[in-house]
Amino acid sequence: GASTTPHTEVTVLAAASLTDVFGSLAHTFEADHPGTTVRLSFAGSSSLVAQALAGAPADVLATADTATMQRAVDADAVRNPAIFADNSVEIAVPPGNPAHVTGLADLADPTRTVALCAPQVPCGAAARATFAAAGLTAAPDTLEQDVRAVLTKVELGEVDAGIVYRTDVAAAGDRVQGIRVPADVAATNDYPIAVLTHAAHPDLAAAFLALVRSSTGAAVLRSAGFGTP
Amino acid sequence: MPRGLGALAVLGAAFLVLPPAALVWRAPWGSTLHRLADPATLEALRLSLVSASSATALSLVLGVPLAWFLARSAARRVRLLRALVTVPLVLPPVVGGVALLLLLGRRGLLGQYLDAWFGVQIPFTTLAVVLAEAFVAMPFLVVSVEGALRGLDRRFEDAAATLGAGAWYTARRVVLPAVAPGLAAGTALCFARALGEFGATITFAGSLPGTTRTMPLAIYLALQSDPAAAITLSLVLLVASVVVLVALRERWVPELRP
Amino acid sequence: MIAARLLVRRAGFTLDVDLTVGPGEVVAVLGPNGAGKTTVLRALAGLEAVDEGRIANDDTVWDDPATGAWVPPQGRGVGLVFSEHLLFARMSALENVSFGLRARRVDRRAARARSLEWLARLGLTELADRRPDELSRGQAQRVALARTLATRPRLLLLDEPLAALDATVRGEVRRHLADYLRGEHGGCLLVTHDPVDATLLANRAVVLEDGHVTQDGTPGELATAPRTAWTAKLLGVNVYRGTSDGARVSLDGGGTLTAASAPTGAVVLTVSPASVAVHRDRPAGSPRNVWPVTVTAVQQTGHTVRLTLEGTPPISADLTPGAVAELGLAAGAHAWASVKANEVRAEAR
Amino acid sequence: MPRGLGALAVLGAAFLVLPPAALVWRAPWGSTLHRLADPATLEALRLSLVSASSATALSLVLGVPLAWFLARSAARRVRLLRALVTVPLVLPPVVGGVALLLLLGRRGLLGQYLDAWFGVQIPFTTLAVVLAEAFVAMPFLVVSVEGALRGLDRRFEDAAATLGAGAWYTARRVVLPAVAPGLAAGTALCFARALGEFGATITFAGSLPGTTRTMPLAIYLALQSDPAAAITLSLVLLVASVVVLVALRERWVPELRP
Amino acid sequence: MIAARLLVRRAGFTLDVDLTVGPGEVVAVLGPNGAGKTTVLRALAGLEAVDEGRIANDDTVWDDPATGAWVPPQGRGVGLVFSEHLLFARMSALENVSFGLRARRVDRRAARARSLEWLARLGLTELADRRPDELSRGQAQRVALARTLATRPRLLLLDEPLAALDATVRGEVRRHLADYLRGEHGGCLLVTHDPVDATLLANRAVVLEDGHVTQDGTPGELATAPRTAWTAKLLGVNVYRGTSDGARVSLDGGGTLTAASAPTGAVVLTVSPASVAVHRDRPAGSPRNVWPVTVTAVQQTGHTVRLTLEGTPPISADLTPGAVAELGLAAGAHAWASVKANEVRAEAR
């Protein structure tokens, strides 16, 4: 049941990679719930969890991986997170593909400059799993903290190739070129969402969560390159 | 200036000025200029300037007395305090933000009482932005001002005292003017650092448009989706800060006599 | 009435001084470099705490480490003119002079008027807007004097206030200072190297040597009966210590002198330079003390020439310029000194 | 010290010291102490200290001459340079890293020639870490030292010159000792900032264990997976930096006389 | 041989001076506060560039804005003792004195030995390890002197080097300075407010007033024929300007004096204080110039008492202490001054 109290605010803590998707869903939600404003606070997943644990006045938490969400679950900050999207890895190369990268095997070649995410972060874990599935050993020159850092280096041509998410290649437009990784080896990453246990507006939070998981939400997510369950 | 130093000075200036110049050179002006007129950008810029100024003011109010104390205490046990004061410089800002949450968060060591007794919650407010920025930036002020106070010739304070001036009057008319260059440098550093603060802010204050999303946070977000726009925003932030810093200098640093 | 016993200990130097300054009294402090004169002023002003002793102004205790009593400088109503002027660099001469008044909450306009008055009195009107680094040293010293006098301190402490002034202005400023001091009911302590300042400005003179008071009296007393060699030399009298057998005195520094009458035992001898005669050849005649000397310095002051003579003992002599020219007494000349026994004053010590 | 300032000084000290104290208080010592013995941690710590020291040394070599020039130039056109030098303070560090890539990267304005002519590629090397840290940290040194030089009494240089001392000898024996407190403060700020540098380093130099992964990078990574360990690592970094800073001070800042 | 024409312009002050200092010559620079004495030294040392003019040492041009020639201070081989001592705060007295030698690459041991020698010569051996802020002012000034003398500069510039010294040490240091200067082949410029320094140390004296040289001659010439009132007053001679009708001279400042012989027209009169007689009652008799005066100051120097007398004209008189006591001439006393006409020297101007 939607509240009709004017000037209610529902605050959503969301992973930075969801900036565009949640931005547009927030508009939809506000249109459906007059008098309600959605406040979106984007940061890295683990910052979000730290904030949630510290009692951030927020209602919804959406992270880019299940491991960080699990920390919120363990601390009883959320209950029953639901997976609303997934993302799989892809090779990104600078426009024109100057190093003539054709597939994962080229990323195992030490003469090429390659950027991956560090295994501690979701995109790095996914990259490692992908190489393992393909039976290759990667030869990275750098293990970045997040996808953004990999992407920046690809865009600037500092590296010949990097492993990022499909959504990132889609968002980067013509600044990078994507090379698909075969579906049987490409690792995927799940995005969980949950209502915070201390949410001030649990009903609205649930409504927003429902919107994200609805077909409307799935359409927006898919157009940004996400997979949906 | 000793001969030979000139070449090093030029090299130093080049090292600091060329990278931003490259940024300007490569900036995709045409395609992103519309971002400048975006109300969200102006909002973030306004919030940045307001919170950085407030953080600087807070740092001045608390930091100058602290610097004074540190500069004038010969005691051995003050040495540790002096080192501790520089801790926020080294702490990765994100960890600084965590530290602030642990102290002032709703469940923090102090924050739980603030909440229970006064109903005050600091995180995720503009006050949190100011505190995060001050926490990170104040040490710059303290260290600079302490250096300036230490270099001061104490005999002028003696002279003021024998003229009947109390400690406050002496501080205002004699000491502060004499440390003005150091104070200005420290204030500039502090303001600049506060303006550029990112990690502690996003952790302690979150990133809510209009309330806690300062320019560096907006830039970080833009970087996720539109790196070109992020660079343009950075340049906006730069220009704003250079304007403020130049104004500050003109006001505070006495003209050099030839 | 300031009554102070000051004990300040430093590596290689100890100040141990008893001192009073009555209301309206001007006390000159004389003494060699490093004797502790500046230290006395600093302790009285409260810029340095005494290690032992007590400083009291009438019934108010300013400093007493035994009881922990302490009044900070700004509470003592003292004024100290430093020998290094210490003008505030970022203020004009006028603002410097106004400083003490403004600190006392005199309103801006009145402070300005009174400061301008003081600047005028010291001949500095045209320099009112100058910064200290745009002043010559003598000008700066006068501004510093005006800055302190403008606060009309109860106890005025002056550290060589006239040292940088040119000889003609010095007379004028000294006159202003004398006028000021006559009109005041507070006390004044004046450190100076110039016996003329002491004579013209002070009621009383204190001689400080190596941290101790060696003489305390009127400037006249100092001149007529100096108690140490330094005082005597400052005021131009020859002083020797020695042991007397009733008439002949063997001097501690070597040589003997005969006095007309002397107590036996340890004595102090004084010989006025005016009573020393100098001859090119060994004189025959009455003077009982005759010995060879070498001229090491010739110095004319007014219409007197002071000769510094090396010998056993060394001695100073005052002659007329005519006599010096006639005898051809330039530095390096060999001569004979003679002193009549009844010109040698001897006192037991 | 004027009365009343004491209270503010205490507040200031509390503000800077309590959050890290909260961090220590809540640190999960038991469960994460094993991280300290981890060779990767020691590796990162060593790399951090080496690169921050190198960056500080580079900043001293280039920054002190630059500060000298800025302090001694009255010309109007120098004012802009003075403001430009503080730009890296305000630039969000990640953007600073992008700027360095645009200048010195493989396809950068200068970097392309370094690569083509000398076969030198800077990014992803320890040198890149040093450069990134120096770029971000040097302004602190420059601003502090400039302030100190400006406050100097020039007459002592005059005295040295009339004693026959050349500019270098005067600089070494008269000017540098006189600005020692300011120089020490600037060096401390510079070192601390370099040690804590994160954004520019990750962007310009990447993050490869042993080569470019400094402590802040390791901490950030740990924060993603094991926040408790990240806090422990932060404290290790803190202790290391406090040790270095205290040593630096003892060596450089002259003892206060009571 | 230094030959300099110095033109320095400042708001409200212009220095315009021609000056030479020959090898081995010691030139005293006298003048009121703010006359430009320090400015002259700074320009010669190269701490200030002249706006116009030229400074040359033999054939080497040190400063000439017209050609752009410029030799920095450290290239000039000058030594300047500042009146504010300016010792390096973080060095001991010994290190301060060694500084100039070490800057000239004298090795550490030799520099130390020579510095200790200089400290000993100035009576500072025990203070060798003290920092400047642990020295008294007079001690610091002596260290500063040692610091410069140790470098044996070709041109020595001294700005009131003895001002802070106590009267007894001053004589001694002056003697050392005289010895040093005798042994040197370079020149020396000595700024001082003390005519005794000028007389004892200098071959030549230059009087600077308001940025201009008003007299240049031997110290003796200055004393016997002062050209301006300031010089006359400094050296104790009465000087008047007036218009003569051949015998009676009406003075510009009021009053008349009769000279035994005077050119007609504009003249300068000088009267030695020694030739002025003072009486309690109006004297009858030969003196042609008799007028009433009031005593405004009484000052004893050596065995002479200098009276400053207000009247038309004002005049100074030197008397013996006995005469002063007998006549009861304290400040404020009314009296009569008399001068014989042939004691009034008149010169056309």
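The chains carry the letters A, B, C, D and E, assigned in the order they are written, with residues numbered from 1 in each.
Rule of thumb we're sticking to: a residue touches a chain if its C-beta (ideal position, glycine included) is under 8 Å from a C-beta of that chain, and two chains touch if they have at least 3 such contacts.
Predicted model, so just to flag it, every value in this text is computed and none were measured.
Asks: Count how many hops through touching chains it takes, at the least, to reach chain D starting from chain C.
Replies: Minimum number of steps from chain C to chain D: 2.
Asks: Expressed in steps between touching chains, what is the minimal separation of chain D and chain E?
Replies: Steps on the shortest route: 1.
Asks: What chains do chain A and chain D have as common neighbours?
Replies: Chains touching both chain A and chain D: B.
Asks: Count the C-beta pairs in contact for every pair of chains, then give the pair with the highest total.
Replies: Pair with the most C-beta pairs in contact: B-D.
Asks: Centre to centre, by mean C-alpha position, how many angstrom separate chain B and chain C?
Replies: Each chain reduced to its C-alpha mean, chain B and chain C end up 55 Å apart.
Asks: Provide the C-alpha centroid distance between chain B and chain D, rounded to the nearest whole angstrom.
Replies: 15
Asks: State, to the nearest whole Å, the distance from the C-alpha centre of chain C to the C-alpha centre of chain E.
Replies: 22
Asks: Mind pulling the chain D residues that touch 2 or more other chains?
Replies: Residue numbers touching two or more other chains: 98, 102, 166-167, 178, 220, 223, 227.
Asks: By the touch rule stated above, which residues of chain C touch at least two different other chains?
Replies: Answer for chain C, listing residues that touch two or more other chains: 84.
Asks: Residue numbers in chain A touching 2 or more other chains?
Replies: Correct list: 50, 152.
Asks: What are all the chain pairs that meet the touch criterion?
Replies: Final set of chain pairs in contact is A-B, A-D, B-C, B-D, C-E, D-E.
Asks: Hey, which residues of chain E end up touching chain C in the complex?
Replies: 10, 12, 31-35, 37-38, 83-84, 126, 134-139, 142, 160, 163-171, 175, 193-196, 199-200, 230, 233-234, 236, 274, 296-297, 299-304, 306, 308, 318
Asks: In their shared complex, at which residues does chain B touch chain A?
Replies: The contact residues of chain B facing chain A are 94, 97-98, 101-102, 105-108, 121, 123-124, 202-203, 206-209, 211-213, 220-221, 223-225, 227.
Asks: Can you name the residues of chain A that touch chain D in the complex?
Replies: Listed in rising order, the residues of chain A that touch chain D are 44-46, 49-50, 67-68, 71, 113, 115, 118, 120-121, 140-145, 149, 152-153, 156-158.
Asks: Over in the complex, which chain B residues touch chain C? Could you list them?
Replies: Its residues touching chain C are 155-156, 158-167, 169, 173-174, 177-178, 254.
Asks: Flag every residue of chain C that touches chain B in the complex, lowest number first.
Replies: That would be residues 45-47, 72-74, 77-80, 82, 84, 86, 88-91, 99-100, 102-104, 147-148, 151, 153, 157 of chain C.
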